[in-house]
Amino acid sequence: MKRLLTRHETYVFLAIVAFSIVITVINPSFFTLENLFDLLKSYSLMGTFAIGMLFVLISGGIDISFTAIATITGYTIAVLLLKYGESLNIVSVFLIAGGIGILLGLFNAAIIYFFKIPSIITTIATLNIYYGILTVVSKGKWLYGFPTWFGDFNNIRVFTLYTPDGIPYGLSIITVIWFALILIGWFILRYTILGRSIYAMGGNPASAQRAGFNLLGLNLFVYSFMGLMAGIGSVIQALLVQTVAPNSLVGKEMDVIAAVVLGGASLTGGTGSMLGTILGVTLIAIMGNGLTLMHVSSLWYKVIIGFVILVSVGVSAYRNKRSTRKHIITEVN
Amino acid sequence: MAEPFLSLRKVSKHYAGVTALDKVDFDIQKGEIHCLAGENGSGKSTIIKIISETVKADPGSVIEIKGHPVHGSNAIDAINRGIQVIYQDPSLFPNLTVAENIALGGFVAIHRKLINWKELRQVAEKAMARIDVHLPLDEIVREISIADQQLVAICRALTRDVELLIMDEPTASLTKKEVDSLLAVVTDMKSKGIATMFVSHKLNEILQIADRVSVIRDGRMVGTYPSSELDDEKLTILMTGKKVEYQHFVAAKNGNDPILECRRLSRRGEYKDIDFKLFPGEILGITGLLGSGRTELALSLFGVSQPDTGEIYFNGKPVKIQSIQDAMRLGIAYVPEDRLAQGLINVQPVGKNIIVTTLDNLVNRFKLLDRTKVISSIQRWVKDLAIRIPSVESPVQTLSGGNQQRVVLAKWIATQPRVLILDGPTIGIDVAAKFDIHEIIRELAGRGIAIILISEEIPEVYNNCNRVLVMHKGCILREFDTRETAQEEIQNHVNGAF
Amino acid sequence: MLRKFSHFLVLSVVMVFIMLLMWGFTGNDFMNLGNFQSMAYQMPELGVLSLAMMIAMLTSGINLSIIATANLSGIVIALILTNTLSADNGSAGTIWVVALAILAGLIVSALVGALNGFLIAVLDISPILATLGTMIMVSGISIVLTEGYVISGFPPAMLAIGNGDLLGIPVPILVFLACAGVMSVILNNTPLGTRIYLLGSNPVACFYSGVDNRAVLFRTYIISGIYSGVAAVIMISRFNSAKADYGESYLLLTVLAAVLGGVSAAGGFGKVSGLFLSLVILQMISSGLNLMGISNFLTLALWGIVLIVVMVINYFIENQQQKRRIA
């Protein structure tokens, strides 16, 4: 029990419960299956990005170029869909987007590893490089008019229920895809040497090097994994809104980072869990949804999110300080 | 004689213009405890780096393991050949559990893909059983003591079929009890056929445990001797090449009033009922084992921590020292034990390091720094402490250990302190420079500054202090006047045999 | 220090090289007074913001909230001006209102800086996270205040700051030079400046030397905030409007300018003179590219490449120095 109280995830969970209660009291339509399935579907995008971001943060780095990567992969598949739409299927679309994402992520990793440039600076640079080139190539055009099978895929549900008015709703396949990614990510982190090595590298890169860990490989993996998630995310985005716009994702990097940090991952590396990340995304999703359902103007969204981040991070830091102080005293004894 | 496990012949290493090693010869037998003794800068670290294959020796060097020549320069090759190094900082993963720290590296080396947590635990338990230690497997390494962390490092080495374990100054941060445990573990490994190369400058530990001792000095191997043939004095002469004669310090009489007095000072978990007086011009030694409360007491006098009960009197008046700024205002200065992390800002120039404590005194009436005052202040202290540097702009990290310590001293003398607390001031400094630093300290005492010299090296406190306090488990055990006591008696009290 | 000296020299050479390059590509379009004047109008915003970023980076931190702070400041000034004066009011009394509005804007930016300082110095939150949080929150407040709209219509007294000139020298440049001068004095001639550099390299040793780390960090981020506020004044004056999300692409540029100017990403080193030269270089490249008809977005991509190239060069230089140091 005591262990539970020391874990960051517990507090996030309690916050989620608290928020949910408040929102449901004000607007009962929050706690309906229809609303919840809808939320799960629309936040699959942020959720997918968050999985990739978690890996990068655990490894001790940060990546703010993923929105640009997603924009590039999204645009590429959009162009391909418009040109060759009928000869493609959903699997190949995901593969192409993921593949390009991996390549762009590898570039990030190479710069960070070989030239020892801090990841924040590298990815600020690549964000602008990727985005700049894309904007010029795309000329800012919005793309839409995808083949019908692409639109149909968006509407597939694992099971369907109906509202009293006859409107269908249910667990979307997109959510299932997200869940699958969560499982894969969780498995890697918990049950593979690769995953534990990422934690090790994030905890103490110098020790990892001395112990013979393959730092190059680990770095290549985390950033290309982020790229892969970015690619998959871009397809999800395209499915959700059936359009691809060059400027829809860039600018939202911080929201994803905020969600993962809320879930307990640390910017200094070595800490973080899949459960925490899911909870962090859930908290952000609920806050966003809740504000809307409580008829709070959307103008307040950023202020509230920013405030919650600061409070969460502040509490985390404060708790960290108290625990290190205890440690020093016991050492002296 | 049986074939040695490791043998070095004519091993040399040159860096740009500097000779780190010059035709070094020595060997390590299977299962022996071999100590490599030498001062700082003697070449010990270079030898470790070459043996552990992180650095390549010059051509012409011959390194053989079990009779086969070795040419690698890859740490992983060394591990595969059975050689592992445990550095002072055990290089663990603070965010992972003890079990993971012990076993993970092994799995990585054999290119395993998946983790079987049960298997991981078994590997860790097996390693611990080999040397009969019990560590909490599920504890996060960040939360355990340094001594336990070193044991984790040793267990980790054991999982990789180690035949030669190199330990670099492993006892630096350990209490006496922990040192004894560690030495017992090392002896135990010997019975299991694992050789240990123990690198240290602590004479009593070397002699207590080694089968043979190789002494290195200025990059050259002086010789290898069975430890039975050595004693403290012989070893010191071999390590330093000179016999240093100490004149016993006598304090000038500077009045009858203490500048600093503590009464019944206590801080839970750190020290208890501390009573002592400190007079201007004297050097008061405080000694005792790690964990005896000596540094903790100093930190309270310096304002880093506050005592729970008791009083501190400065110049006869009761004071509360709640911050370092308070301490500095009174005129108390503190030279920390950890020179590199706490005492100096390595990458920054000597000049900046010296003025950091007195910036507010070097301003003109517009509160801006007065260039002339700054320059003359720096020059004055460089001269006063005889710091040898090409320029005041040289980064401190390019200086030798002795010179670095002079910079720290300069920084504090610049504050015109009344009380100067020195915590382990000659750690990591070779014997000649040590002597010079002691001369400086005595000269400072001669100026009327009251000095507290905290050290665990009994000869250092015995020779340089007129009074010595021995601390044990947070309390002052006894006070000695060094003119009237023999060094051995102080040593005995420290070791707890009385 | 040798490294700093040569960096300045290298930058000077690069500057002349770029000037000749741009001249070569665009001919007299580049090398004329009009162009230099227009550069002198554009650079100061970025320049003052870069100074704001620089001081945070010197303490081994970063301030991701400078743009958001500038926008909020600008919005506060704009709201005061548009709610108390009409756009074409040229009477003498307006100068006082403008001055008060600007003061209010600066106070707001200083408050944001104080918040950052509190989070970083007192609560010990990492600067990336703290300024990330304030960036989001402050940007959110801006959105609430403006409801997403642009606020425009300032009196001539206000517009003069961004668009006027004094004896032929654009006012913004004068403001920037003043800011650079003040920053240089703070960093080189005050105890605070010395402490900032030392803290950036080793906060623990500073603590044990009696430096009040909290106070230093606090002041650092307040100064960073105030500079963001000054940038806001120039910005909104030039555009005659204030918005919640102006200049978001500037963040990269301020980091680039700082790094190019010799500010170490690890903290402890960097001079205003280097920053100044790097800003001139960046501005020349920007103008040149503009004259060549290259789109803004491509320019952004180019900045990214330049930033990476500069860091790579730094890496190789560091490597060489390390090799010489090993002994």
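Annotations for the structure displayed:
Note that the chains take the letters A, B and C in the order they are written out, and that residue 1 is the start of every chain.
The working rule: a residue touches a chain if its C-beta (ideal position, glycine included) is under 8 Å from a C-beta of that chain, and two chains touch if they have at least 3 such contacts.
Please read all numbers here as calculations on a predicted model, not as lab measurements.
The interface holding more C-beta pairs in contact, when A-C is weighed against B-C, is A-C. The greatest centre-to-centre gap from chain C, using C-alpha centroids, is found for B. In this assembly, the C-alpha centroid of chain B lies 45 Å from the C-alpha centroid of chain C. One finds 31 Å separating the Cα centroids of chain A and chain C.
Across the interface of their complex, chain A is touched by residues 62, 119, 123-126, 128-130, 132-141, 143-144, 147-148, 248-249, 251-252, 255-256, 259, 265, 295, 297-305, 307-308, 311-312, 315 of chain C. Across the interface of their complex, chain B is touched by residues 1, 185, 188-191, 193-195, 197-198, 201-202, 204-212, 268, 323-327 of chain C.
Residues of chain A touching chain C in their complex: 62, 111, 115-118, 120-122, 124-133, 135-136, 251, 254-255, 257-258, 261, 267-268, 297, 299-307, 309-310, 313-314, 317-318, 320-321. On the side of chain A, the complex with chain B involves touching residues 190-197, 199-200, 202-204, 206-208, 210-214, 270-271, 327, 329-333.
Contacts from chain B toward chain A in the complex involve residues 75-76, 79, 91-96, 100, 104-105, 107-109, 112-115, 142-143, 145-146, 269-270, 291, 293, 296.
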